[in-house]
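Two complexes come next, and they have one chain in common, chain A, joined by chain B in the first and chain C in the second.
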Partner chain A sequence: MSTHDLTVPVAAPSAPWRQRLGTMVPILVLAPSLAASFVYVFVFTLWTLYLSLSSSSLMPTYGFVGLDNYASLWANRRWNIAYTNLFLFSGFYIVGSMAIGLLLAILIDQRVRGEAVWRTIFLYPLAVSFIVTGTVWSWLYNPVDGIQAFVRGLGWTDFSFALTANRNTAIYAVIITGIWQSSGFAMALFLAGLRSVDPDLIKAAQIDGATVSRTYRKVILPTIAPIFLAVAVIQIQFAIKTFDLVAALTRGGPGVSTTFPAIYVYDLMFQRGQIGEGAAAAMMMLAALAVVLVPYSLWIVWRRRAEGRNG
Partner chain B sequence: MAEIAANARNDPEAAAATRRYFWNRFLVYAVLTLFAVIYLAPLLVVVFNSLREQSDIARNGLISLPRSFRLDAWAQAWGTYCVSGTCEGMKRNFFNSLWMTIPATLISTLLGAMNGYVLSKWRFKGSEILFNLMLLGVFMPGQISLMPWAFLLGKLGLTNSTYGLVLIHVVQGVSFTTLFCRNFYVSIPDDLIKAARIDGAGFWRIFRKIILPLSPPILIVTVIWQFTGIWNEYLFGVVFTSGQQQPITAALVALTAGGTTARAYDVMSAAVLIGALPPLLIYLFGGKYFVRGLTQGAIK
Partner chain C sequence: MSALMIRDLHKSYGGLEILAGINLEARTGEFVALVGPSGCGKSTLLAMIAGLETVTSGEIWIGDRLVNSVQPKDRDIAMVFQSYALYPTMTVRQNITFGMESRGVPKAEQAEAVKRVAALLQIEQLLNRKPGQLSGGQRQRVAMGRALVRDPKLFLFDEPLSNLDAKLRVDMRTEIKKLHHRVGKTTVYVTHDQVEAMTLASRIAVMNQGSVQQFDTPKRIYDRPTNMFVAGFMGSPAMNFIPARLTGSTSISVRAADGSDATLALAAPLPTGAPKDVVLGVRPEHIYRFTADLKSRKPAVQPLQAPVELVEPTGAETLAVLRLGDLEITGRFEPDDAPVMGETITLGIDMSRACLFDPATRALL
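Moving on, here comes the complex of A and B:
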């Protein structure tokens, strides 16, 4: 009778080969996925890093040019527009969808009838692709056929709503559509958080005579503060990777006014044959993600440890 | 009794409280309704337009109630509409997406279940570190992998094929599926596994007899998550396939990009709905699991 612990013991050198093979099974099962993930995460990243330091243009070549690609990337006006857009989009998108998501979560939390129906309505945009959302909204923004035409048809004849037709406003069309798509997501996370607050805490506040809004501000929202951070981090991630939405909604236009880093990477690599510079731009996207995710995961680890010590 | 009621009626404070309560309720439902209209409007507009006559849309704009009810646009979008020379509608791309999504979902879910089983119940020295390394795959931006994939798919002879996309989605998805399953299996008591091992059950027997029967909740979440994610993916589809090999997301962009001439909004609306329908149906019927996947994938 074996007395295996749950950790797989290292096979003794004298163990018969069948038994040794037996202890290897878990590792063998894991191996293919592990190897694939390793290649995907490390080899691919180093590969792209190397391309970003090479003179690759139409085809990958491996002549080393140092940081030239990065220098020309940062000197490029279009890249400038791309990351300015990223900051602008991230700011409005995160604040907007969190505000709407929180509002909807709090409203649904007021013991409304048909809760499941409301939730289903606010979350369905998340099930469809950014391609579908972007396409449909590009029609709605179209001044000749969309919302502008509709409102003018109602009688308000000088109503103007042509965000995507104008270089300076097209980015706001992307922001509005992004918020529309994902405030339901923020709502779902906030609602889960609101439901997890200890009811005794709320009761205590009510007994002390706190109003509903005061209870939310002073008791409930502070206890779900980590959820705010989680939602923000996830949405920054979305923002940095934004590609499909813009590709379907504005295709980066008018002109280059709604270029995003991800769009620019695609353009450099596959439209203009500047693979080296495209790889440099992709590395900058990775760097942006790391700037957000590394401190966040360190904070999560730290908090778990702290909870472990206190609890 | 009557006295109390009379008191309540005469007590201005109680009356004010009741009034305030009703106003609050009214406000809650009013705001929710307003947002529900904003959320549903685009969907309704597309559904209506897929049923309207093109001439009606051209005259009255996109936002209008249907005056007719016909499915011509759906038939055209599915089978006969012409995009850049070929007149086969969306059906080929729809099946491309299906033949890409189903295998990629099943393979990545199966791998994720086995990996999750090993990483939660057969831990070995260093397995936690390996798990964390696999997790990094969740955060990788697709752009980093474009050039390496292009090279690898070329070497494997999988450029411009659905198999190539299946490979990409399996490799990319396995970190998600492993994460989901591992976090679920951790909550299965170790004593259950220990007892089985004392009874002489091995690795696979425990997997089949204990783990798998307990798995449906997490497998449904994982399958739904993978299916919608892969079906909706666009970047790899547009980069690595063209023309008749494209999945439906890439084909939709090609279809709606067409020129500046009078746009066939009726057919395009039907095409968009065909592309959106599978994940929408999954969401409507498995919404609970969809949301669970969302919150789990997000919080962890």
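Moving on, here comes the complex of A and C:
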């Protein structure tokens, strides 16, 4: 730049201009996505919060009604089922897919033959969309031409497998399908974690006389603890926005037994024209997420402080 | 009694031979260093002693037990790794007690052992910290503590100092030596650093390409290397190799800088059957400035003219690069008496310390 200044005298003021451009470019490049994130996340969240306190029905209106929408929401049995389902599903789905994913990862980590093939097989469900998964599994669960019909065809004529036909068990059909879909994903992350562990650690544990299971419990798994957290956080947001899987698998039924908050919000807002109450339900979903993530971030801050004190 | 005995040990991966017939033994309390360039098989050998690698053929005895198929935990060994391999999520105390806990040692005994080792290594104040909060030297101590607490028959060290900076490495080297004197455990120590091997070991096994080139005391290895590989690997700057011709049973001639031949008398006659062409090996510190006084003190010194090409003062000593035929050799001089660049110096070569090698077999004559 300085040689340029020497040869072209008028270019002298161009140096600060260029410098300013240099510092502006990153901001200019980031601005659109920052603005979009700000509008979609914060502005729309606040707008939804406001709508949830308004008397909006088919179209947004701004008559303030306080917490009426929340009261009528919680008075509704279907919403209570949906909210319970959300916690039931999230708990089983996250714990189940992490447990199965971890087990698969540990088994594959034993240097099995044809590792790439196994990895691909277990990872494939993730490549299938929730709609396809839901549809295929709805056929499998269907008593008339699914697994039950197949096993009965083999000769076990009193075999019964009709999870989706019963309002008490249908939610478990959704949970099983969700676990099937995402345990391969958990496996891939866990496997990457297991492979990143210093092999000397395992040798040291071997010399220390630790059994294989003790080596995993005390040495390897604690080392990859951050991966557990990453998997859990990704699964939680999958779980909370569950919509298409249920829509394709059970359509919220039988009855209202597998209704999920996301489905309920969609119904209220776009089918029944109750935007105010729909917004209230959406805020409750946000609250469910906050219940998990706020303590988590507080814990992170606390731990960092604690480590700072010890260090 | 020997604490470790290795007989004709082989290791191969597929068709690739890593170790080709290793014979080695360590007497009780001895400090044996395995030294060699990277890829010579020294770490594989150590892993096989530890039981972390399988034996292709041959025997490993620890004490009076053949351990070829014994699990690492039952071999009565302890190992310090290059990366320290401290369990990152455990405190120093937990790191040290992990092995005892795995073997079901009572709590009170564990606490006693931790106290003893922590005092020995002066790590008492670190016991409740995690490895991530320790400096390199402290981690090194903890790794040694974890090994010491076992009170094993055999200590194995796998390049334990190579992750430390130069100054700390020298300090820790001294500490390891002191520690060995205090606890007196049989130790096998792998390193690629010949200075570490020389300073620490009671015997050194110099390895190259999967076999032991020489297994002897540091002094014998330094003074009488069995071949040109050992001679060149041990010592820094390396030994000078000068092609020479036999001119009689007790004299050789080398090509001087001006192209003429200079005759050097040998300190001892060569064995009969030595080849006509030989390689003269001279360590830099056995090259002096020739004086009458030197000759009277060291009668075996032979004079040789050489121009000085380059001088490298290091403070404690001055290295000079000297021209000899189309060869450059290095001499080590006292800084006060060092040659200057461009000078032609009359060197005194101490032939009583020189080695002669067969250029065909590269073996010592």
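In the analysis below, the second predicted complex is superposed on the first by the 269 of 311 C-alpha atoms of A that agree within 3 Å, B and C clash if a C-alpha of one lies under 4 Å from a C-alpha of the other, contacts with A are read in each partner's own complex, and residues count from 1 in each chain.
We take it that a contact is a pair of C-beta atoms (placed from the backbone, for glycine too) under 8 Å apart; a residue touches a chain by one contact, two chains touch by 3 or more.
The model shown is predicted, which means the values in this text are computed figures rather than measured ones.
Just from the overlay, do chain B and chain C fit on chain A, or is there a clash?
Verdict on chain A: chain B and chain C fit.
Is A:222 touching anything from chain B or chain C once the two structures are fitted on A? First, second, both or neither.
So A:222 only meets chain C here.
Of chain B and chain C, which one touches more of chain A's residues?
The partner that reaches more residues of chain A in the superposed model: B.
Applying the document's definition of touch, where does A:127 land relative to chain B and chain C: first, second, both, or neither?
A:127: touches chain B, not chain C.
Taking the superposition as given, does A:201 touch the first partner, chain B, the second, chain C, both, or neither?
The second partner, chain C, only.
Looking at A:110 after the superposition, I want to know if it touches chain B, chain C, both of them or none. Which is it: first, second, both, neither?
Touch status of A:110: first partner only.
Which of the two partners, first being chain B and second being chain C, lies in contact with A:210: first, second, both, or neither?
second
Put chain A at the vertex: what angle do the Cα centres of chain B and chain C make there, to the nearest 10 degrees?
One gets 80 degrees for this angle.
Please work out whether A:176 is in contact with chain B alone, chain C alone, both, or neither, and reply first, second, both or neither.
After superposing on A, A:176 lies clear of both chain B and chain C.
Per the contact definition in the header, classify A:65: touching chain B only (first), chain C only (second), both, or neither.
neither
First (chain B), second (chain C), both or neither: which does A:165 touch?
Once the two structures are laid over each other on A, A:165 reaches no partner at all.
Minimum CA distance, chain B versus chain C, superposed model, integer angstrom?
Taking the overlay as described at the top, chain B lies 7 Å from chain C at its nearest C-alpha.
Contact residues on chain A for chain B in the complex?
Of all residues in chain A, those touching chain B are 1-2, 4, 6-8, 22, 25-27, 29-30, 32-34, 36-41, 43-45, 47-48, 51, 60, 100, 103-104, 107-108, 110, 112, 118-133, 135-140, 142, 144-147, 149-150, 153, 180, 184-185, 188-189, 192, 230-231, 234, 237, 240-241, 243-244, 247-248, 251, 262, 265-266, 269-270, 275, 278-279, 281-283, 285-286, 289, 293.
Quick one: in the complex, what on chain C touches chain A?
Residue list for chain C touching chain A: 47, 50-52, 71-74, 77-79, 81-83, 85, 87-90, 98-99, 102-103, 128-130, 133, 146.
Which residues of chain A touch chain C once you look at their complex with the stated criterion?
By the definition above, chain A touches chain C via 198, 200-201, 203-211, 214, 218-219, 222-223, 225, 310-311.
Report the residues of chain B in contact with chain A in the complex, numbered from low to high.
Going by the criterion above, the answer is residues 24, 28-29, 31-32, 35-36, 38-40, 42-43, 45-46, 57, 60-64, 111, 114-115, 117-119, 121-125, 127, 130, 133-134, 136-137, 139-149, 151, 170-172, 174-175, 178, 190, 193-194, 197-198, 202-204, 228, 231-235, 238-239, 249, 252-253, 256-257, 265, 268, 272, 275-276, 279-280, 282-284, 287, 290-291, 294-295, 298-299.
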